[in-house]
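Each structure below is given as structure tokens.
First subunit A sits with subunit B, and in the next complex the same chain sits with subunit C.
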Partner chain A sequence: MNSSKSNLFLIELILGIMFFAVIAAVCIELFSASYKMEENSSYMAVAVNEASNVAEVARNSGFDNMDAYRDILGMTVESDKAVKTNEYGLTSTITQSLEDENTYNILITDEEEQQVYSLLVKRDR
Partner chain B sequence: MYNSYGFEPAKNTYKPDIKEDKEVKTRSAVNIGTVSMMMVFIGLCLVVLSALCLSSARGDYALSVKMANHNNEYYEAYNILVDMASEASAGAQIETAVNDYQQLKATVGKDNRLEDIRVENIDLWESDLSLPVMQ
Partner chain C sequence: MSKLKTRHSISNIFPVILFILFAFCIITVLVLASSFYRKTVVATEVNDNVRTAISYIREKSRQTSGVKYAVTECGDTIIFNEGMGYGTFVYAYEGDLMEIFTDLDSSLVPGDGVRICSLLGMSVEEKSSDNVDYLIIDMKTDDENENTIVIEANTGADFE
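What follows is the complex of A and B.
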């Protein structure tokens, strides 16, 4: 009698552990997807803010006053672009459009150089 | 039957208080079924928490995408205003739609630069109260 109860309990325990393992695997998948999604959304929000900051300078001064990018935004100014990497690892780059010299392309990329956000802004003449 | 003293001896009615050997039942601390119930409860908790977590993350992501789209709409409208200003005379009021609910207005200043840029609501915003379920 006792032996059969122990066997039953053992089977139940094993089934319980298997059930828990399956549920845990599914939940870990969901938690990791949530974490990744939260990370993407925070990157997106930061990228939009960064792009807006750069766009506000670009629409007022274009590339006539490159010092503004360095002084106001703390960007590294090169001959044809200005670049800045923030604490999130997002890199903001502003370049002049090839089609229109008054249009500027602002590109925000992540650490793997994948595009997070981009914005086209025209300079106010 | 009388004894040698001429009376009947009393019957021995004494019964020793001997308890019957009862079967000793051993009860385990965890009964059969408790483990299953606990596992179902823990599993349900995990599933509910992860679903809430995912729902919150999806909401945040949707908000970020919405914000990015609105930013794009704003700068697209701004770029249109810049083009309009280059062909307008000084002092003219120009406007263009940002989206269905907002428009971007500006005054053309000297050298065709935009002045007094502002976003105005053109329609009443109505909150979306619909639920994302089958209708």
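What follows is the complex of A and C.
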């Protein structure tokens, strides 16, 4: 009788643990996904701010004034583009569009060179 | 008979051990979940403050006719010219980004400002290139991170 009770308890416990394990796995995954989403959102906020900073300098300095990108934002000026990597590992690049000389493309990429954010800015003619 | 007794003893202890293990797992999962939740809430709050501060300063600089930087009684202060001799003074004070709307010549009391959002600190630097002046605003949003905003400093004649 005693042994039968113990067995029942054991079966109940094993079923409980199995159920708990499944729920726990799902919960942890959901929490980690929400944390990852939050991290991406913070990353995106920084990327948008970086692009806005480049756009602000571009708009006020006549777009193709590479000295302004270097002096104000500390960007490295290469032949046809200005590049800067910030402390978050995001790289901002501004280049003139190949299709339209009055359009400039501000591209923010991460450490794996994947695009995080891009912004097209157009010069008033 | 004695063989049967031994089996009984083990089968009684095993569920108890399993139950203790089960309880330990529950506590571990709860601690992990609360840690994730706390981290997410803190990160959301910091992110929210960063975006509020950045949007506020950027929009204000576009909305007003002039922007300049000065060191006032409130420390590093960005002054937005609202016209008619009035201005909005924006500064960081005791962990918050604050603003005061008052006339441009009056002296400021830091505690009199209206709180906008949390901000640990703000420092402003002026830079210019080809006769265009910029304000480089470094905002310390938490212990680790800083965000920089660049806005055009348009002091113009309105501030005179």
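By definition in this document, the second predicted complex is superposed on the first by the 120 of 125 C-alpha atoms of A that agree within 3 Å, B and C clash if a C-alpha of one lies under 4 Å from a C-alpha of the other, contacts with A are read in each partner's own complex, and residues count from 1 in each chain.
Note that contacts are C-beta pairs under 8 Å (C-beta built on N, C-alpha and C of every residue); 3 or more make two chains touch, one makes a residue touch a chain.
Keep in mind that this is a model prediction, so the values were computed, not measured.
Novice: Could you say whether A:Ser61 touches subunit B, subunit C, both of them, or neither, answering first, second, both or neither?
Specialist: Touch status of A:Ser61: second partner only.
Novice: For A:Gly89, using the defined touch cut-off, is the partner it touches subunit B, subunit C, both, or neither? Pick first, second, both or neither.
Specialist: Touch status of A:Gly89: no partner.
Novice: Touch check for A:Leu10: first (subunit B), second (subunit C), both, or neither?
Specialist: second
Novice: Touch check for A:Ser34: first (subunit B), second (subunit C), both, or neither?
Specialist: After superposition on chain A, A:Ser34 lies in contact with both partners, subunit B and subunit C.
Novice: Touching A:Ser52 in the superposition: subunit B (first), subunit C (second), both, neither?
Specialist: Both partners, subunit B and subunit C.
Novice: Where does A:Asp71 make contact in the superposed view: on subunit B (first), on subunit C (second), on both, or on neither?
Specialist: Second partner only, subunit C.
Novice: Could you look at A:Phe19 and tell me whether it touches subunit B, subunit C, both or neither (first, second, both, neither)?
Specialist: first
Novice: Answer with first, second, both or neither: which of subunit B and subunit C does A:Asp124 touch in the superposed model?
Specialist: Touch status of A:Asp124: first partner only.
Novice: State which residues of subunit A lie in both footprints, the one left by subunit B and the one left by subunit C.
Specialist: 2, 9, 13, 16-17, 20, 24, 27, 31, 34-35, 38, 41-42, 45, 52
Novice: Could you list, by residue number, the parts of subunit A that touch subunit B in their complex?
Specialist: Against subunit B, subunit A makes touches at 2, 5, 8-9, 12-13, 15-17, 19-20, 23-24, 26-27, 30-31, 33-35, 37-38, 40-42, 44-45, 47-48, 51-52, 55, 59, 102-103, 117, 119-125.
Novice: In the complex, go through subunit B and note every residue touching subunit A.
Specialist: 26, 28, 30, 32-33, 35-36, 38-40, 42-43, 46-47, 49-51, 53-54, 56-58, 60-61, 63-65, 67-68, 71-72, 75-76, 78-79, 82-83, 85-86, 111-114
Novice: Looking at the complex, which residues from subunit A come into contact with subunit C?
Specialist: The contact residues of subunit A facing subunit C are 2-3, 6-7, 9-10, 13-14, 16-17, 20-21, 24, 27-28, 31-32, 34-35, 38-39, 41-42, 45-46, 49, 52-53, 56-57, 60-61, 65, 67-68, 71-73, 87.
Novice: Which stretch or stretches of subunit C touch subunit A in the complex?
Specialist: It is residues 7-8, 11-12, 14-15, 18-19, 21-22, 25-26, 29, 32-33, 36-37, 39-40, 43-44, 46-47, 50-51, 54, 58, 127-130, 132, 134, 136, 146-152 of subunit C that touch subunit A.
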